[in-house]
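What follows are several structures.
Below are two complexes that have subunit A in common, paired first with subunit B and then with subunit C.
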Partner chain A sequence: MSARVGTPLWVLLPALALVPLALLLPGLSHGGGWSLVGRFALAALRPSLDPLVLGSALRGLGVTVGMALLGWALSLVLGLVLGALSSRLVWRQCSGRLWPAELIRRLLALPRSIHELLWGLILLQLVGLQPAVAVLAIAIPFGALVARVVSDQLDALPTSSLAALRTGGVAAPAALLTAMGPPLLPQVLSYGGYRLECALRSATLLGVFGLGGLGTELRLTLQSLLFSELWTGLWLLLAAMLLLERLVGWLRLRWTMPPRLSLSPQATEASGRDTASAVGRSGRELLLGAALLLPVLVAVAWSLEVDPRSLLRWQPLPPLPPADWGAVAALPWPTLVGNTLSLTLLAAALAVGVAPLLLLLVRPWPLGRAAVQGLWALGRLWPPPLIALLLLFVLHPGVVTGALALALHNLGVLGRLLLESAEHRGETTEQALLSAGSGPRLALLYGRFSALARPYLAYGAYRADVILRESVVVGLVGATGLGSQLLEALSSFAVDELAALMLVYAALTLLGEDLSDRLRRRLLAG
Partner chain B sequence: MDPAAVLELEGIHVRGRGQPRLEGVSLRLRAGERVALLGPSGAGKSTLLAVANGLITPDRGSLRWQGHELARGARARRRQQRRIGTLWQDLRLIEELSVQQNLNAGRLGQWGWPRALLNLLLPLESAACAAVLRRLDLDPALLDQPVAALSGGQRQRVALGRLLRQEPLLLLADEPLASLDPRLAAELLELLLEAGRPPRALLLSLHRPDLLAGFDRVVGLRAGRVQFDRPVAALDAGLLEALYAGAAP
Partner chain C sequence: MTTRERWAVALAGLLLIGLLPTACSPRTDGNAGADGATSEAARPNEKRVLRIGAIPDQNPEKLNRLYGLVADELSEQLEVPVRFVPVTDYTAAVSAFRTGDLDLVWFGGLTGVQAWLQKPGARALAQRDIDRSFHSVFIANPRSGLTPFEDQSGLQQLKGKRFTFGSESSTSGRLMPQYYLTQAGVALSDFAGGNPGFSGSHDALIALVQSGTYDAGVVNEEVWLSRLREGKVDTDQVVAIWRTPGYANYTWVVQPNLDEEYGRGFSERLERAFTSLSPDNPRQAQILELFGAETFVPASNEQYEAIEAVGRQIGKIR
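Moving on to the complex of A and B:
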């Protein structure tokens, strides 16, 4: 173990990205739409309460929440099954061979690396517009993500109790379920809660691209400059999101589950401690919760008219031109990849660095903190393409505009996590410094950020990986690299170009995932 | 008002659940005085120390530091607090930083942002920090070590070193000897008494009446009330027995 130079400053280091941003922004600004931005901001105070608008927003919210819920539930089922199937431990116990686990793990990398928006748009082309498309678009990549977490957790859990059962002659499936199920459940449920929040954001985003629900209404009202009606939907969405976050947080506390994607380096230690939450009172409540969820899901599917059979009826595609691989090879690949990476790095640096900087700036004022929390909540709920469209009122399209949109959205996610973690770490040290007369900002920097630096940056590395996947969603502001090219290829049915772009995107995402994993492990290992 | 008083508490009340945590407590510490606070668990010792360092605002009563009421403005309050140093039972060191950076954390109240940031990159005032370590019988070679790598006894001393770097006029310590073995406890107590020499004053809560040598006064606290406040020499076994009657010390 060693003391590292400037440890608490590490959390602020990424905020240096503000310097090039400040230099670039004047050149990017066309300044034409400040009055529109002003009107948009003012409309926040005057959302339309017209019963027609309110009714339509409520219906849209219902559809979005329903799609999120169904997609999430399906992804959990898929994730649990595929997670068990890609676990080395399961295969070692059941057949003594490891290669099937490795193979399934590798195969799952592909659905994981493709953003739900791309899944949504591809399915839309194949089976037409219907609610099942959004549900499946969420379930496929989320299922693969859950599977990875499940198999990683399963392979990292202590196996002594499993070995004890096996030596007692218990068959592998029963032994695995009995010995590994209870310690795995709290981890999976905690992660599942986090994924439900993500699913709500994704369902809204899919709506923005025309897959129905509140997102569609938000985009239409923004493009028609009906800001009061836009805010009716936004406030409703904010209320639903905060309610969901509260509910998930409350359940996590009640069932003593580990924090979501814990900022704690002792995650595995916590998993052992939390074993008790899968049994006893919590266990019964979990079972009851699951039993109640099932009819709710059926009712939601019925009311949204989700028909899984319709997914099998593919609609005829327009006649496709013959593949022109020469034209595909002639695409400006270095620029496309370079722009995608610049956009990701700029957005990640801004999101990771600005959250602690803002927290530090507003530290002495309780009202400032509330304002920052409000800003973060809006950032989380506002889908990045809508932020990008709003930014286009005053900025030219391009990499920086796309990066800003992604940064603002992810700032909301990271800021909330930072605030939650800061509440549990370094409190007494900060208090000691305050009572010795240090200023509140210095006490926060020395007292809390010292302890938070490593786990926060480790989470930042994971977030950068998410941002790389998400960079496709701001493709609609143009010139953002692979994302905008992909959306163009999709809308022009250029299947050859689409396939090549998706492969490059997937390779890039997997490379990014690997790099971020290595960085995260290094940061947490200390 | 006593011009030489470093700390004056007058009729302090702190509400608690059910019964009050402190009830009409008055206490005065003059520069150079070393006062031990005795009492059974739950007597209100920690609450009294938390009131003394400004962490708890009393519901009633007055508190004066060096003859001045508690400042209302945040800056003025911080200026007052720079002169009050607390040795916490859990030490509250910054595990991720080096010994020198931790010692310098005691100076944060005096330093502005530039020095505070520089200290994170390039630890400052090495000579002063080394002198503090020597005074605490620690090897100055430890300055670059992370505090997380130190032994329990060394960590206690570094926490005391941070306090010395703060240069407070009033030293407060809440049960600093509670979890130490007898040898370490005796050593730390000696260092604390040494640090509490004039012009400083020392107020320390203790759970062991056998460690009172070296203190000027002893204050007995029970159920939130002061039972006695007298020179150590005037303390007898009867008073102690009454203080701890029916309670674990």
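Moving on to the complex of A and C:
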């Protein structure tokens, strides 16, 4: 029981990262850039309404949303197929052998460990500047992620109905579909909705690095300090993002899908059983939705001129100089890896810890909460490299600046998640605490957060892994980790260095994934 | 059917009817079909769209206006459809040129060399009068204690200062300045923090030095002078401290296969289209002005041998 009392405070533990940050920041900041930040903030009120700017921002947004939608749809298809193929349950039922499932699962770890930006830049080398590149760049890592979630869910679901069907003489594929399909569906839909939001963020990011869409405009306008034009794009993107999030949230509620935070094998059993019947009712709507989505996807692909055939026409690689492995080995690897890891840890701790802290701080004031929500929405909206460029106006470049950029972006993602889950949980406990006379902050902390502490931290562990992968995108500000070295290698077309760096990155990510998995399991089991 | 289902079905039907024609109708713009979306190999030879691109050194508004005009002008003179493809990233621009997705690109010195090394046969076509001997300017925030100097060895002053380059692959914002720094005995690890920064663009760099984020930085002289003229620089907060010797910079780089695709002599016609731009023609005058050029002159790969050597020396060309 004594452990339970401490639990709510766990949520705030990562926020301790604020202490070293507070110590480091004064040394890193300089007063000069505040006028630029001020100009940037003021421009939010006066976005450019010039038809030329507005038109090009709208076109850019269309491309970004289209790329996100296509990449997302492709990743779902890929993920479902690969997920079934890497599920132990499926292989046991269909062939009795388990090793193919393990093998496929391991192979899928590689596409997952490489950030979509790197996929985009690799594909650009192979097939040229095609709209299909961005779509595929999103679909490959996302597909592998979805596959992992699907196979994890499949293997964790109760198998009693499957066993019943099998003993009744039903063939394995039919039995699997009938017994496992319905309980799997709500999880897949809920996760799929979340992936769509991620896809929009990724598509924007890819644009920042020249793969098309609104991101391109955002970066160019920021770099030439045209803040009014910048905000035109930002406001449009914000509207699109909030609309999408509302839609996904509404569908999730309507189809009574589980909220994201309970996305763990342990939670699946309960929620899977509860929702199976509800999905049966919503089945017709689902079919309708799918039927509507298909022509939309075709129309989008058509208007973006995405041509799948173009992906098959590989371009000859540039004449490669002989690899200079000596120079590659001479890179300051320990520093690069160390900086990347400290950047990741700092960013993750800040993002995970500050979200509940902010909610607690503004608890007594409803307006404050709205302000925090607005801030988070902006954080989610901004691709991290742009946050980093903006931070450079007032901070020196380096690990801390890169970490802050990633932290602000992920704070937006995590904060929203926390708020969403807090709404559905522990209301009665909070009310009870309030009426017993405890303050609003304590009531929130002990009433709602205590129930959430473990799943939230578990999700935070997963997020840390995402941040590690993302650290490549803030290499733009000279964060001196693997990310900046990788971008430097890219712009020098140093293939040997690039290969080595990506390998190290992948290895780190896989290691991180393993660690965060263990941490998550312990948190959820405890 | 319940009423709700009936509504749902009706709505679905309406949406489907509305969407299908959009999805299946051919595009109205005749040119759009053959442009950047399809790969080189599959394109028919006649009336292929000539795609021009540029690395983003300028603000996007200017870029869009500038290249829209260039596209119109070339299209009229050469009688082929021309389209401007914006590319945000130096690396992406070079790759898109290599893969044949761009036919004619306005590259900086380093990216130009990278482009024709990766696409043998590609060549420098034409450049502005000022590009034959281009300069970079080292600038500094006066609070850093840095003062203007005449001799290159004055770069030694930058040791221990917070210093920033522009974009990583920029010739004027990175490559040549780094070369002059090395010549003067300043290594990249000599700067405060053990590394230089990369502020991403010339405009951002000026703002960052002006704000004190960095003590000093280095910009493209053309951009520096034009910002001074526009009054966008606070000369109390940032001053020029040294001007580099001249080097060859920006140039149009063209694919090797255009003569086969558009007919013999096409590259020469393309070159003439640029070198004959005259301030007497209103549109051409506008192009020259937006480019910041008096005239365009023929260019050749040989002018860039020094750049290539420097690029190899500092590892930007392998």
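Descriptive notes on the structure:
In this section, the second predicted complex is superposed on the first by the 502 of 526 C-alpha atoms of A that agree within 3 Å, B and C clash if a C-alpha of one lies under 4 Å from a C-alpha of the other, contacts with A are read in each partner's own complex, and residues count from 1 in each chain.
Just so we're on the same page, a contact is a pair of C-beta atoms (placed from the backbone, for glycine too) under 8 Å apart; a residue touches a chain by one contact, two chains touch by 3 or more.
Predicted, not measured: the structure shown is a model, and the values here were computed from it.
Of the two partner chains placed around the shared chain by superposition, subunit C is the only one that A:315 touches, whereas subunit B remains out of contact. After superposition on the shared chain, subunit A has more residues touched by C, the comparison being subunit B against subunit C. By the touch criterion stated above, A:472 is placed in contact with neither subunit B nor subunit C.
Looking at the shared chain after the overlay, A:124 reaches subunit C, while subunit B stays out of its contact range.
In the overlay built on the shared chain, the residue A:237 is in contact with neither subunit B nor subunit C. Of the two partner chains placed around the shared chain by superposition, neither subunit B nor subunit C is touched by A:78. When the two complexes are overlaid on their common chain A, residue A:9 makes contact with subunit B while staying clear of subunit C. In the superposition on chain A, A:378 makes contact with neither subunit B nor subunit C.
Touching subunit B in their complex are the following residues of subunit A: 1-9, 364, 426, 428-429, 431-443, 445-447, 450-451, 453-454.
For subunit C in complex with subunit A, the residues that touch the partner chain are 5, 8-9, 12, 15-16, 19-20, 22-23, 32, 35-42, 56, 58-61, 63-64, 85-96, 98-102, 114, 117-120, 141, 162, 164, 168-169, 193, 195-201, 203-204, 207-208, 210-213, 237, 315-318.
For subunit B in complex with subunit A, the touching residues are 53-55, 74, 78-86, 88, 90, 92-98, 101, 105-106, 108-111, 113, 116-117, 120-122, 144-149, 166, 168. Considering their complex, residues 30-36, 52-53, 56, 121, 124-125, 127-131, 207-211, 215-217, 219-226, 229, 284-285, 288, 291-292, 295-296, 298-299, 302, 305-307, 309-310, 313, 315, 318-319, 321, 324, 389, 392-398, 476-478, 480, 487-488, 490-495 of subunit A touch subunit C.
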